[in-house]
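What follows is a set of structures for review.
Common to both upcoming complexes is chain A, partnered first by chain B, then by chain C.
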Partner chain A sequence: MLKHSLVWWLLGERCPWSARVAVLAGRWAVCGRDLVCLLSVVVAVGCTPPAEFGDNSLEWYKQERAARLEPGQGFPEVHRQDVSDITRVWFGTPDAPQLPLLEGEDDPALELLDMGKLAWAAGPVVSRNEESSQGLYRRHCAHCHGVTGDGRGPTSAFLSPYPRDFRLGKFKFKSSPTGTPPTKDDLKTILVNGIPGTSMPSFRLLQDEELDVLVDYVIYLSQRGMVERFLIAAVRELDEDARLVSLPDAARLRDLPLDVQLGPLQRVAPVGGESAADRDSAADADSVGGSEADAKAGADEDDGSESDGGSGAKADVSYDRDKIADDLLFLAEEQMLPVLEKWLGILDFEAKEVDVPAWVLDSRDAAYESQVALGQKLYFGAANCVQCHGETGIGDGQTNNYDDWTNDWLKVEGINPTDAAAWAPYVNAGAHPPRPIMPRNLRLGVYRGGNRPIDIFRRIQYGIEGTPMPASLTLTEEQIWALVAYVQQLPYETLSRPETAKKLENERPVR
Partner chain B sequence: MLTHRFWAGLFALVPILGIGLYVIAVLGVGSVGGFSFAGLWLPENANPYANAIDHLFDLVHIICGVVLGVTTSILAYVVWRYADHPGRQAEPALYITHHTLLEWIWTAIPAAILVFLGFYQLQVWADNKMNRPMVMVEGQERAVEPSALVVGKQFGWEVYYPGPDGVLGTLDDQRVENELTVPVGRPVVLRVEAKDVLHSFAIPGLRVKQDVVPGMTQLVWFQVDRPGTYEILCMELCGWGHYKMRARMKAVAEGLEAEVQE
Partner chain C sequence: MAAITERDVRSSVAATASAATVCSPVIHYLAWVTALTVFPLIWAGGLVTTTKAGMAVPDWPGTYGYNMFLYPWETWFFGPWDLFIEHGHRLLGSLAGIWCIGLVVLSWSLRTPSVVRWMSLAALALVILQGVMGGVRVLQVDREVARIHGCLGPAFFAFLAVLVVVTSRWWQAAAERGFWLSRTEDESGTRVGARAELLRLRAAMLRTLQNQRYVTLTLWALAYLQLVFGASMRHVPETADPYYFRILVWFHVVGAVCVGVAAVILSFTRGCPVPGLCWPRRLLLGAVVLQIVLGLGTWVMRYNFPDWFANELFAQAHLIVSNDFYQVQIVSAHVALGSFILAVGAFSAARIWRAEHGLRTVE
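Up next, the complex of A and B:
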């Protein structure tokens, strides 16, 4: 019995039913011996179906509750299918990433993200050459951040803090102001240095190019997640019986010909990746003409393909090609373009040049003492750091806040975080159990966003997005530097290091 | 015949494969089905302090190799010689409770080898773990001070340099994640610590390996004679991400300060 259930566990969700049946049949018919049984499991698990992005079930549940539907009742399944189908045709699959391009090769999205890099990061892990491997994201990131970038990888539940969910499009440690996405350099810095004090390790040993590839893929996942969230929110705004795309009854967008699914979008030939899915979509893309021609269905050559699709090669439904194209264009403009435009901003963004004062880490400098004293005054006064970081700076001030990734559902729905019964349904829908966000203990010298003075300066200046750490709107740059000096010397005060003080009294030579 | 001597054949594989694979790894030539045998053995040593370690390592391997070869060959022979087979004259089995001479022999020989190794390696241990390298400072001989602090954590290595004031544990320390830079051609002393659990700081290319225990400070020292990049590994299973706990050590001939600053 135990062995039996082990087989099931090994197979999990990963294998088609035919393979499971084959394994079980094999077990009863042939497997007298454990070795044969084990081999059949290995063979069966090898037939993993292509990876798919997971639906944002938490957002669905949240919107269903917000729509005040009857308990136990959700949106009709057809809406979930629509959102899933649209994000799939816009962003592809984890094995074959795509971008929603309205302007083909000239689309600004291609300035931000490189299709070749996405193809390198995507897909299962196979060696690319002696130096590097294909599928970098799944090799290095997915076990914590999840294939979908939802921060729900297999190891995520053990970690504190939880791994980042990219789908909200919020990133903490960056050189850009609150509300704007991080630059590629910011994301790369995090990859190189890791995030001290968390489970995010340093990936310094990866090649420079591999880091660029992962940065692009994280942005891609973030865009996909944001667009998906917007589409789900759009479902809630729909009239009763309406759908995101004009299709009859239970017809699915994914069953229609690819050029209908794409509507106003265009595809460019993918670069790099050699998976079967890539080749398929490349072949499909070849058959797709210009988007506008498609939408109008005016040109003669398109009539052929239209009637081909209209006659229902894949699905036996009648649909209005122009209406679908209009719907998709509307959705792309309303839900996708804002996300893209937000990210495109980082192409032109240049962090404001800041001169790091010479005295900030130099206790021998004449200005140092007075600046630290000023910083201390600000800490307890105008800057009001004391409220959260506490009087001694050990982070024991206000500790009942939650970060935006939790508040996104916790606060919106007014749930009491200490009432496990209230948040349990959200956890079932895909949230992590809520944990309060702790203000940093400033006496440890561990700074998540980096320990250079400029890093601390940015944290104070722009705040930390997604957390209760606010941007300092009223402080001047000189005041912020004084705060940096004060904060950075806290770990070296005798109070912070009792073990140092003890050693001085009764010092032993270190061998 | 074959079935009766099957087990003897399996036993014979132990000395053949055991010693054969060892020889293949040391020679590091050839390949099977795309799998190259090069690089199976330790990388070439670049640390003059560790030449004696390599010598000890080889000596222990040769002693163990001989013992393995002799004992497992005898075992295989006995299994072959006394296997049941058609036409065998069955002799009654003997039950032997003890054999004093034999026991003396198999106790005395390993004991002698161990005692020999124990004394033979004393100086190497002292040079690598106890007697810190000395330098002449203003006409006085002094122990080399640690040039960096390396802190192992789940899962990576933090490297702290003393900064402009030359003292570790002060305000101007500089931290670099997973990269250590050291000078070539002179003794380097490092302070190694652990933040959370047991780790082991190891540089295979320099034969350096030191367990690091949370709450304890250890010193390791070495000298790099070849500029280049070396691998730093954690060699104590420290958690689920142990395999990720790798870092890079750069040995540079000059411009150390600039490298560290960067």
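Up next, the complex of A and C:
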């Protein structure tokens, strides 16, 4: 009985016993340490684990399942290490972010992201002067979005919708079409306005500059996550004993001197982040075992630097510096450039100017009634909004859809999302339990992506990326405006459609 | 029915005279002042954590190279919020420290019961420990220390509440016969002087007091546990697993129910046999109710309404604004009221204990 309720605390969802135990066992390994810390109130110093970018274990598991490996048989451990090392070499650590710059100081990535801003957002929360603090991301966002930007911060499990996982590079509320990343202005608008009806706060009380810093960091995390996913997919294609980079046996990329690691990629040190960088090199020295010394000694393998544990092996590793550099360059071109280029696109992106027709704003306008009537026709007809948002617009149409962050792994094996035993292993690997996404209740008159007509216009025109809400590819702008007008008057519509009103009264949807 | 005899009165006077030395009212007032400083201090500490301003001043015990007390006050007072609240928290903390030093000096120089002397020393030790802990948290950038700092503060506050009781005239009076003589009047105001009757009355009073003490202490312990869970949630490392936080939330919710049940039971241990025991109990009950409401409010101000309200306008239109006035004050009020409950609980329990003690020892 007690066991049962403990598990129930853990999951809080309706699901069978066996699945809960599976999840419990899996999560216990992770939060056991935290719980021990909780109990040891006195000797708890040093319990806070260092912030690190977590591996995308969900993506690994997903690819294992996609490759139809036997249960319990995963990809070789060195493959995981390679991906983790390469993303680390390219993007740095949460305390010392880096960008993979193929063209050194002239790299276009530096037009998009500012190293100084990244350093400001990264790292632990500390202040160097009275005016502002470092570590903005961990101060304001990480408890929901996670240090890695994986949407798995400590508070995330209870929140609905779950905090955004930036690693898929998909964003909902933006002025750009599906498949195109949001502009910096879009992201900043979200930070200023927040998302009402969800736990995503408005950060309008932060300084303007701090918001810019956070926007850059979100893009950085998103890029890092996307590249990591590409690399994992690339590993899937490899033979078991092949490597992404030409390294002998179990040698690790991160154990090699920095200049070898980076290959042709130039490293541009973050400006203004001296202490973050210092701390990182200190951390490096611990975890990698004197990689700094190695970097200075170049590729001198017999420089006799002390060897401890894993790093001891590296002294005897013989490697071909040029070959590694070539491999990394090849990988960067294959796996990284597409991601970066996609994001670079937002530099030149200009949302298409649209004029808001006068009648949308003024219900006394002569054209208004007929446009609303047209909107209604489209809603029930050609645009088929009724399919999801329901006849009354309260969002009680199709309610068994899932968003892309869930479908991404749900679809791999065609898992039935209501079959908890089937998805439990994915939750163990780091997914949130699937929850169906509800079409918006349009009767409330509040919208998450903004209440202005132009906001609703964009939602209908481009859809809401990552959700079932489709882009209206076949509708003209005129028609979309008619839909906007129709949607906007829905909250007041009850009286004109008595049968709707009645239905509204009787059947509020239950989630 | 014979009234109380002269002999009775004389022996009670003799008992008073031979009792421990009376505590000087100055000490009692200073204890009050200290406690009244510590409450805003705790509130400010809550604000520091709520707005995550704890690292706004990177050094300690100085402030940006200045001696803490010499830091230019305009820069502090008109400076950014983070600096204002963190430096203000430190200044208030020092003030509490100064009061504690005053307590020690006074109690060891004036004729004072030794309990009070040792308690004021302990208070000083606690306040120093708490200050150092705050410093270590800043210098080590350690969340774990912050959590312990957050748990120790309210314990210190509760300790001060006990000190206030121990130094009070009430504490003294409760051990005196005169205090109890008037208690032996029944409702109609007639004296019930018969010995048997008196004994019966005393036994009944003792039983009530004992029950109240048990329940109050249980409530106190539960409330402290709640505080530990609360502090663990507020100082959860960003790297913690969502399921860890989830466990904490559930424990906190279950704990809230337990405290609520304890409060209901407490409100059933009716009867206020002694004046000065009723109002702390009522205050405690009111605070628990308010605290539960504030707890729900905290969740809503931080994470919005749960899914059950998905079709309610108030939930869907609710926008969380990070660090805006309502969020910060509601969350910090929840923290501060938690400490307040501990202090009132400790105050109440100390008085009940003393009343029991007095009733037992006074013939």
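In this section, the second predicted complex is superposed on the first by the 402 of 511 C-alpha atoms of A that agree within 3 Å, B and C clash if a C-alpha of one lies under 4 Å from a C-alpha of the other, contacts with A are read in each partner's own complex, and residues count from 1 in each chain.
The definition used in the following text is that a contact is a pair of C-beta atoms (placed from the backbone, for glycine too) under 8 Å apart; a residue touches a chain by one contact, two chains touch by 3 or more.
Keep in mind it's a predicted model, so treat the numbers as computed, not measured.
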item: Partner chain in contact with A:362 - chain B first, chain C second, else both or neither; value: first
item: Which of chain B and chain C A:125 touches, first, second, both or neither; value: second
item: First, second, both or neither for A:76, with chain B first and chain C second; value: neither
item: Touched partner set for A:133, first chain B, second chain C, both or neither; value: second
item: Which superposed partner A:470 touches (first chain B, second chain C, both, neither); value: neither
item: Touching partner for A:205 - first (chain B), second (chain C), both, neither; value: both
item: First (chain B), second (chain C), both or neither touched by A:155; value: both
item: Partner touching more residues of chain A, whether chain B or chain C; value: C
item: First (chain B), second (chain C), both or neither touched by A:194; value: both
item: Set of chain A residues, in rising order, touched by both chain B and chain C; value: 155, 193-194, 196, 199, 201-202, 204-205, 511
item: Residues on chain A engaged by chain C in the complex (per definition of touch); value: 9-10, 12, 27, 30-31, 34-35, 37-38, 41-42, 44-52, 124-133, 138-140, 142-143, 146-147, 152-160, 193-206, 394-395, 432, 438, 441, 444-446, 508-509, 511
item: Contact footprint of chain B on chain A as seen in their complex; value: 155, 192-194, 196, 199, 201-202, 204-205, 361-363, 451, 488-489, 492, 500, 510-511
item: In the complex with chain A, residue positions of chain C that touch it; value: 52, 54-58, 64, 75, 79-80, 82-83, 140-145, 147-148, 151, 228, 232, 236-251, 302-304, 306-308, 310-311, 313, 315-324
item: Of all residues in chain B, those that touch chain A in their complex; value: 130, 132, 154-156, 158, 163-164, 169-172, 175, 177-179, 217, 219, 240-241, 244, 246-248
